[in-house]
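Provided herewith is a single structure, encoded as structure tokens, for subsequent inquiry.
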Amino acid sequence: AAASSDNPSSKVYAPYTVFKGKAALSVSPVLPTFRKLDSGGLQLDRRGVMMLNIWPAIGERKYDWEKRQSFALSATEVGSLLTLGPQDSCEFFHDPSMKTSNAGQVRKSLSIKANADNSGYFFSLSVANNILKTSERLTVPVTSAEFAVMRTAFSFALPHIMGWDRIACQLSAGVSYSTKAAPLVKDMEWDR
Amino acid sequence: AAASSDNPSSKVYAPYTVFKGKAALSVSPVLPTFRKLDSGGLQLDRRGVMMLNIWPAIGERKYDWEKRQSFALSATEVGSLLTLGPQDSCEFFHDPSMKTSNAGQVRKSLSIKANADNSGYFFSLSVANNILKTSERLTVPVTSAEFAVMRTAFSFALPHIMGWDRIACQLSAGVSYSTKAAPLVKDMEWDR
Amino acid sequence: AAASSDNPSSKVYAPYTVFKGKAALSVSPVLPTFRKLDSGGLQLDRRGVMMLNIWPAIGERKYDWEKRQSFALSATEVGSLLTLGPQDSCEFFHDPSMKTSNAGQVRKSLSIKANADNSGYFFSLSVANNILKTSERLTVPVTSAEFAVMRTAFSFALPHIMGWDRIACQLSAGVSYSTKAAPLVKDMEWDR
Amino acid sequence: AAASSDNPSSKVYAPYTVFKGKAALSVSPVLPTFRKLDSGGLQLDRRGVMMLNIWPAIGERKYDWEKRQSFALSATEVGSLLTLGPQDSCEFFHDPSMKTSNAGQVRKSLSIKANADNSGYFFSLSVANNILKTSERLTVPVTSAEFAVMRTAFSFALPHIMGWDRIACQLSAGVSYSTKAAPLVKDMEWDR
């Protein structure tokens, strides 16, 4: 299967960012990539994610982006966030070295906890690195209004990181007209 | 009425898939087809569906796609899923041979049942084939987070499988400008 | 202000229709029209609506489209439907001859009532015509699942019938880049 | 970094407006602007807003647009509105002269209060201008149905005023194909 090359020049940067006393948090969707099939069709290759970054404050209204920790939320993890009630919590664990010889050496976790008065959530990103013998934890309080922005923006972005907007685009591109002998829907259920 | 031909080469494959112990489940929208009218307009021809596949595990992390069972959810069946509460259940019945001489010979049912602790749902797809004397049942547990992904993705896809995105596209394509003597909305209610 | 002409040939027909024992009901969005300003901009001219039709059954699975009654739901009336709880009801009144000499001669009303067991709604469209001395009432039961389809499709269509998708398209079309001396948001609040 | 110029001729005007006894209220999204990077990418420059205007009635069905007061809701303020329950209230404060020598001279506040019978909200916009020695307050009652329209339209518009629709467009534009040696998602979490 052929594969066309990336075009990094067309990248768009529009993260949603909240700046708080001890750290800043930003979220931004990363789109999936597709592989061109010999048939001419497109096959989802690398899944998209919702990239979350937290980076520490190093002075009044100054934040050090070089010290950021990243966490790439999968579609299903985004689903968890979308269903989070005002008193709920959730936690995700990632191992960036999974399936390599360094597996288990670095452990990342993102925890999202409703705060005591239900006025929002604490986002805490912990990274324990056995190789560098480091352990970091960055926490950002997120208000209900900010979480509502995330929820709405994540709902918008989810079909995009899943690649479903591509499926929808087929139509707009003018294909998918029926032939006179169009197969019926029930035929699809037979189709195996 | 004329009908242009399908262009299978532009197909996009991006199903949402969950792999569980005994089987895997995937969902993927299938767009409607349109028929070109003599007036130049487009008429919805074959409705779109949400195609659901379940196929069995045949070893550790190995699944046999050839043994898949398919179920094509209509717009209204997708509507049922969208309103499903955390303790609700629903079941759909399809007869792929409906209105043929084999009607009633094959019966498919998809049941979606909240599990005991409300942490998700069981998707069970049963196929009873009187001709082949076979009866199969494949079940996949779906977590709340995974169901939230489906709910959000189904909400996104529903207008597309209904063909309503096409209606919306008319605008983008630059038509629908008003003439100086544009009819009022109330005229539309007289228009029969 | 100039106005370009309609292009009826590009019309797309994709109503969502439910067929019941005594009548059928269909809903379909009608897009707004825009007027071209001398500045080159576009001004919303005629608002879009959600067109609802009910037409009677005249035999088994036969329906008479010629006998249909229409009701054009405004954006705000669509808003009412979107907030309708499982036990709620609402009713809208239209006078298709409003502001003409025939005002008050024809009265249309659409009532949407939750049914007794909360499993859906009754849509009733009444038309009393004092001129023709006629009075009609067509009622269609709509299940929760069908109403969920409407709710999701109406939420999708609402920004389109308001013309807000056009606003969004500006961006996609590549305009709205900032100049070096871009005005700040706070300037906008001064801007009168 | 280069910056292309604005194209005001392509502006689209489609506010959602409600006319009430003492004043009218309109809301309309204002898109963000982007700055072209030397890499060819796009960087969000000026954030988009939801522009709210209230202007007074000066007679029966006559309203004076010249006397309007404006309030530019940020993404997070829109998030507040989206989470507003039927009995909730919220208030936002803006200083259009913030960070200038006139800071604190003009104070604007928008308050949104559920009315007594939970049938809607009061939108009140107050502007106290110490320089002109003026103080104005304009209030518009908004029904639940009208608020539902705003909620749905704001949910649609939010990703657009955040610039996230641009990110989604990358895909449609045909980029983001994977190379044969596509980086894995986990690599992204290492990428700093």
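Order of writing sets the chain letters: A, B, C and D. Residues in each chain are counted from 1.
Keep this in mind: a contact is a pair of C-beta atoms (placed from the backbone, for glycine too) under 8 Å apart; a residue touches a chain by one contact, two chains touch by 3 or more.
Small disclaimer: the values here were computed from a predicted structure and weren't measured.
Under half of the residue numbers found at the subunit C and subunit D interface occur in both copies, marking it as a different-residue contact.
Subunit A and subunit B have centres, each the mean of its CA atoms, that are 25 Å apart.
Taking each chain's centre as the average of its CA atoms, subunit B and subunit D sit 35 Å apart. Touching of two or more other chains is recorded for residues 32, 34, 155, 163, 165-166, 169 of subunit B.
Taken as a contact graph, the chains are arranged in a single closed ring, with each chain touching exactly two others. In the complex of the two chains, the subunit D residues touching subunit A come out as 32, 34, 37, 39-44, 75-80, 82-83, 155, 158-159, 162-173, 175-180, 182-192. Within the complex formed with subunit A, the subunit B residues making contact are 3-16, 18, 28-36, 45-47, 49, 51, 66, 68-72, 74, 94, 96-98, 108, 143-149, 152-153, 155-157, 160, 163, 165-166, 169.
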